[in-house]
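Shared between the two complexes below is chain A, which has chain B as its partner in the first and chain C in the second.
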Partner chain A sequence: MKLKDWIKTIIFYEILVGMNATLRHLLHYKPITLQYPHEKRSLPDSYRGMLSLLRYDDGTEKCVGCDLCEAACPSRVIKVISAEVPGEPTKRYAKEYYMDMTRCLFCGLCVQACPVDALGMTREYEWAVYDKRHLYLNKEQLLAIGDRAFPVREKRLELQHPNVAFFNVAFTHLPPKDN
Partner chain B sequence: MALKPVTTPDIEAATVELSIDGRTVSAKDGVSLYDVISSTGKIVPAMCYHYTFDPFGSCGMCLVTVEGKKAPVRSCTAKAAAGMVVRTDGDDLFQARKKAVEKHLSVHPLDCPVCDADGHCELQDMAFHHQVTNLANAKQKLIPEDTRSPVLDFNMNRCIACGECINVCKDVLMIDALQFIKKGGFTQVVAKGDTALACEFCGDCLAVCPVGAITNKFSKYLYKPWQLRKTTTTCNYCGDGCQMHLETKDNEVVRVTSPLSWKNKWGDRADTAKGHGGICVRGRFGFQYIDSQARLRQPLVRRNGTLPEGELVETPWLEAMQAVVDRLAEVKAAHGAQAIAGLITARCTNEELYLFQKLMRAVIGTNQLDSSSRYGHLNFVRAVRHTLDVGRMTNDCEDITKAKAILLVGTNITETNPLTAVRVKEAIRVYKSQVIVVDSAQTNIAKLASYPMIVTPGTEGLFVQGLVKSVIEQDLIDAETTGKHPEAFAALKRAVADVSLEAIAARTGVSVEHINEAASIFAEAPRAIILCAEGIVRRPDGYQNVLKLVDLAWITGKLGRPGSGVNTLTEEVNEQGAVDMGAAPEYLPGQARFDDEAARDKFAKAWGAALPAPSSGANLMEILERCRSGAIKALYVVGENPVATLPASLEVRAALEQLELLICQDPFLTETAQMAHIVLPACTYAEKEGTFTNLEGKVLRVRQSMDPIGESLPDWHVMTSLASGLGSQFEYESSQDIQSEIMKLLPGYYNLGEPRKLSPKPDAYLSNGYVAEVGSRYGVVREAVSERNGHRPFGLVMGQLLYHSGKLSTQASGLITIAPSAGRLHMNAQDMERLGLTEDSRVRVTSGQGSLEMGAKADLSVMPGSCFFPEHFNDPPVKDLMPVEVDSVTGVPYFKFAWVSIEEA
Partner chain C sequence: MVEVGVKIVLSLTQIAVVMGVVLLTVMFLTLAERKVLGWMQDRMGPMEVGPYGILQPVADGLKLFFKEDIVPAGANKFLFSMAPLLALVPALIGFAVIPFGPDLTVEVFGVQFKPFVISDINVGILYILAFTSIGAYGIILGGWASNSKYSLLGGLRSAAQVISYELNVGLAIVGVLLLAGSLSLVKITEAQTGWFWNWFIFAPPFPQIFAFVVYFISAVAETNRLPFDLPEAESELVAGFFTEYSGMRFAFFFLAEYANMILVSCIAAALFLGGWNAPAPFLQFHGSLAHLLWLSATIWFAVKVYFFLFLFFWLRATLPRLRYDQLMRFGWKVMLPIALGNILITAIAAYLFPRG
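And now, the complex of A and B:
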């Protein structure tokens, strides 16, 4: 027993055990740090990145200006200024739409709140800017992000009807929108 | 038998006892069970119920069980009866109510995300409370939106057919502009006759609609309720002084809502006598001027010489203020304080009106000041102060509602004071009041009145004379009151001895029988109210006419009797406050006479300054005269616009051109401001704090609901700096500080809430002075008709439209959309036919003052032989056709009536 202990002391056994991982990596060297920006991580499917506004396949904006995203957002990022679609008394849209991305905490509540799936979280995260004001995004900028992040667009629902303000999938007997 | 509305005190009903959820409750027999339940504090869901009108019973939500009945009953339409045992809660009732919600939802579009009611919708609330999560057999109505009206859009997909809109319009407002029709298999609300809605546009239907079926075009889709900041304030258009909510978003007014709403559906039915909480078209849809592009945002100072060459240049406040102070001081040093005068609008707050007169009197040292109360309200105040020793109308609105007889003289009340008109309508509907309307036009209130008397234009005063005579002739006098002052009564009798009812009948166009009938209705009613307004108070002899009405009230024993009295209407919101605050040369604050030594001492001491000499004052007309003669060199105009208001014959423009210094303080660059040397941008009522005093003497809070537009400042702020610049330390940091000072000087004035009851004290006047005066009052009325008999057969009246108030409302785009400046003369259709005119014709209107060309249009309310032009628009400048007459006692200018000839141009 005594000898065993003595040997262990001599060869710093405990330290060797503690350094086990270090010593192993010393010998089998494989770097972990990604060489960003030359290398990029692969992102999980549920990644919540930069927000964007989406369009239907025919290029029309999805957003109906309901302001639910603004109501849902816990950090008051969003500002919606809604109005009647000119010439279409039942249709409402977001005349202006702003997001102050300096405050966003990427919780995704706005995306969940949106009744028409007009908001999408992209996988973009490279949004460092020299001037914070550049993170105050307007509707056109947000639509542009959506355009480049989601090239495949949702088909515009056939349920839109000139006499109803809003399509509602609960109603299945709706005639198609006449052209 | 129909339900007994609890409101009507005259309905005899036994008191019965019934049991509600195990509690014994007593109620009047036959009233709505729902009322009884809610009076116990229990709230049963109800979507078609509102306490301001009778139950309708369409929504099926207010279900309760009544012992002995198999199925749940609708409590709103059920009658309370003795011995009823009622249960209001339970799972069975919850399920039954849930079924009712599901029934509504199954034909509902559920477009909440884009619906203006979203977040403020009773159907949403009900669906949430009853946990409706699934709908079988949902169906869309697919009804196109009805956008025909300029004000309201009807999306009948969302309508739950509760009928509230129809009921409020028919019952409470007695306008009856909406109806149900069945179209495409669904019941829908449409304007009467399925046309474009053309009503009074009070928007009360919008307020009571529990869902988003009716939307306001001016705010549609611009907001969600949670984005808005709501401020309760007082409307600044007319003297009714309604309470309303200004709802703002980012310093923009988005909409105005009323206390009347489906959310406030529970109330004591008897409380509607004080008001139902609604507002009128001006209050609800006339808000756009507040943040209009036309608002002044910076002070303007005229550079490079004076009128007309110089140009108004935007200048920083400091510099502009310095110029004001320097130049005022210069004028004062060179010509004395008597060379300075001031005018202020009655749309300013009490605090500002007080400060204005203090500035003029204590700092500048002149009593040449006046307010827009001079345009007529002062006639009434001076008359009742002289005779009854009160300073405003003697009753409050509740007395009007509960009167048994109402005599309306010369007032188109539904147009000028729509919410006081609702009080009269409630008097007719609930309290079965007899209403006598004396006017030269077929007004809306005349259509509802039991005794409409249409008189020849300009003879309203004569008609009152007839009433006095008729009361005496028919011996309808109240012996008790007249017995106290036999000499006065004898003098009155002598005065009317020569008055002949036949002659009056011939001149007014109302038969002797009708005059007698009106007199007896009025004299015999236990509670009788006189309401006189522009058509008699603001016409030649206005002051005398009010005195005659006081005589009428006196001899019929109506003075001082509860619920009876002499009342008036005010056109601008704070005309009463302007007089109370002393913004008139004859009055100090609290309506103390300016030449009253005790009062002078009190205010001189409080202000630490000597007051100007008692006789040095000047009212509006005298100020203009002194401007013309060059005696006044500098004029400070706060919100007034005499150039656009007064007829050209007064040469206001020329008078103002004489001035060395004209300072205008206004939210807009008015016609008067365009002539000014210095223009200071003022805030509107939405951007400042203060109080207004409405026509019944209620002091009402005005609350700031947004930041000032541009660099504009509240008037009190400007006046405070001005006083400080002129060397007097005004230490007011907020309007509250001014209020504290007024409270000290006029204890009891800020009786926020209920107005004090006034008791008229006629005795002093009747025993002293009456006998000498009354003789001249009933002298032969001047031959005002002479021109008419000659070559000017039409009586041209300039008056107010429901959709506008003064010139201010013409800046509100909503009201301009509803009633644009058409530049057309309103004429009777028969007259038009007789003259061969059509709706496209142009006419030439000629008065003694000049001649103008304009369009013409038929108007059902205009009687043959008269015509009407809205006073809000100067296009063409019809005001310039008006002769001006100035009242010899009160100095009120009369310029709203002329005899004209009309021919096709």
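And now, the complex of A and C:
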């Protein structure tokens, strides 16, 4: 055994094994690189990307200005300024709605907290900007993201099936609604 | 007077051609290294600039050319500017005695002219050893003049490493010199004509295979390449002796490293693998095509040199860096005795069975 070890040492046996491994990879060249801007990987179904505000199918905003998303957010991304709908004292809406996306950690708690499903997580992730202030989004920008990411919109709550309308309040395990 | 002028013009053209080829090879090597390393690690290497990234060296060169040239505060300005040149010039100057092709003599305007070796001096190999030793000054001075801890540590490591391994290079070559009976690289190459068993790596009376292994390992260490890249160990010393360098000065160090790689590959090919000789005589142009001998000869030389350069990349892709004490122990306690024993045995063999 000793002689065998000695011979292995003087012919650099371990190094030759390693060099064989690298040469094998060179000859059977199968790169695992993804050329990112040219080719993109497919995202998982539950991907949580950029946040957005949604509308009903008649174009009215879903948001009722309840502030629950602001309360649920662990990193204080969201700022809601709520107000009455003019002429309808029982209804409220978000007069102003801001999201500071520099702080967002994409946990999805605001989406779960929303009682009317007014928030949605898109599959966008290419949001690199040169100016940090461009990530401080207002209501119009968030609605625009929602418009381009979710072209199919829900009916108003009162026009949906009564059971669905009732259970629609923050239950995520419901079967998908057909619009 | 005309003769001197023609001589000067011929020499300058020859030097320009050799420098051009060397610098083009360096350009190619920077791309080839990244590509080969990438392929060995299941990556693609540079892919963006030009088709399959082939214009990457041009982009890198332009970037380095336009970069800001920073001299750190407290640096010794004179030595800081001199160090890259001290590293680059010795690396390029060694190519003067390398025979790239057969030892032809052409007469141009009544002047004897050897197209494939710039200058066939009778101490060629000593000249190369002397100048590559000066190259170590560039590294040490660059490390010292930067006024930075990392650079200084890189420079100090390089000093110790280059001294230890220069010794092994010199001693490994002695066996070949004993067999060839000359220090001129042209004569050494000519002593290996014929079949491949006349190459000094296989040659009777005593094959220089041990000397070859010692030479190659020491050459890798001398050019600061992995696994002996302690002077520029990026995981420990940022970039070693050229941490503070940027722009064209950094490019000079970079060129020097790659030119040194080509130089040691040329020497290894010329000393151990028969230089421009083919493995078998019929693989060169001969007979009616004998006037094209230079073509096949230079191609064979290039093939051997590129084999060594590929070996450099291959080792880099395979091996991790040595620890400093391992490096020193390996140099002094393993390589040096092997080189000395090789000299002893070669001397006895050459005395008992002198080559025809």
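Here is the rule we use: the second predicted complex is superposed on the first by the 134 of 179 C-alpha atoms of A that agree within 3 Å, B and C clash if a C-alpha of one lies under 4 Å from a C-alpha of the other, contacts with A are read in each partner's own complex, and residues count from 1 in each chain.
Criterion: a residue touches a chain if its C-beta (ideal position, glycine included) is under 8 Å from a C-beta of that chain, and two chains touch if they have at least 3 such contacts.
For clarity, every value in this text was computed on a predicted model and none was experimentally measured.
Visitor: Quick one: classify A:Leu23 as touching chain B (first), chain C (second), both or neither.
Guide: Second partner only, chain C.
Visitor: For A:Gln35, decide between first (touching chain B), second (touching chain C), both and neither.
Guide: The second partner, chain C, only.
Visitor: So, A:Leu143: does it touch chain B (first), chain C (second), both, or neither?
Guide: Touch partners of A:Leu143: none, neither chain B nor chain C.
Visitor: In the superposed arrangement, does chain B or chain C reach more residues of chain A?
Guide: Of chain B and chain C, the partner in contact with more residues of chain A is B.
Visitor: Using the touch definition from the top, say if A:Cys73 reaches chain B (first), chain C (second), both or neither.
Guide: Touch status of A:Cys73: no partner.
Visitor: In the overlaid three-chain picture, which partner chain does A:Glu84 touch, first (chain B) or second (chain C), both, or neither?
Guide: Touch status of A:Glu84: first partner only.
Visitor: For chain A, give the residues common to its interface with chain B and its interface with chain C.
Guide: none
Visitor: Quick one: which bits of chain C touch chain A in the complex? Just the residue numbers, please.
Guide: So the residues of chain C touching chain A come out as 36, 38-44, 47, 314-315, 317-319.
Visitor: In their shared complex, at which residues does chain A touch chain C?
Guide: By the definition above, chain A touches chain C via 15, 18-19, 21-23, 25-26, 29-33, 35.
Visitor: Over in the complex, which chain A residues touch chain B? Could you list them?
Guide: That would be residues 64-68, 70-71, 81-84, 89-92, 115-116, 161-166, 168, 170-171, 173-174 of chain A.
Visitor: Residues of chain B touching chain A in their complex?
Guide: These residues of chain B touch chain A: 109-115, 118, 135, 138-140, 142-145, 147, 153, 155, 157, 220-224, 226-227.
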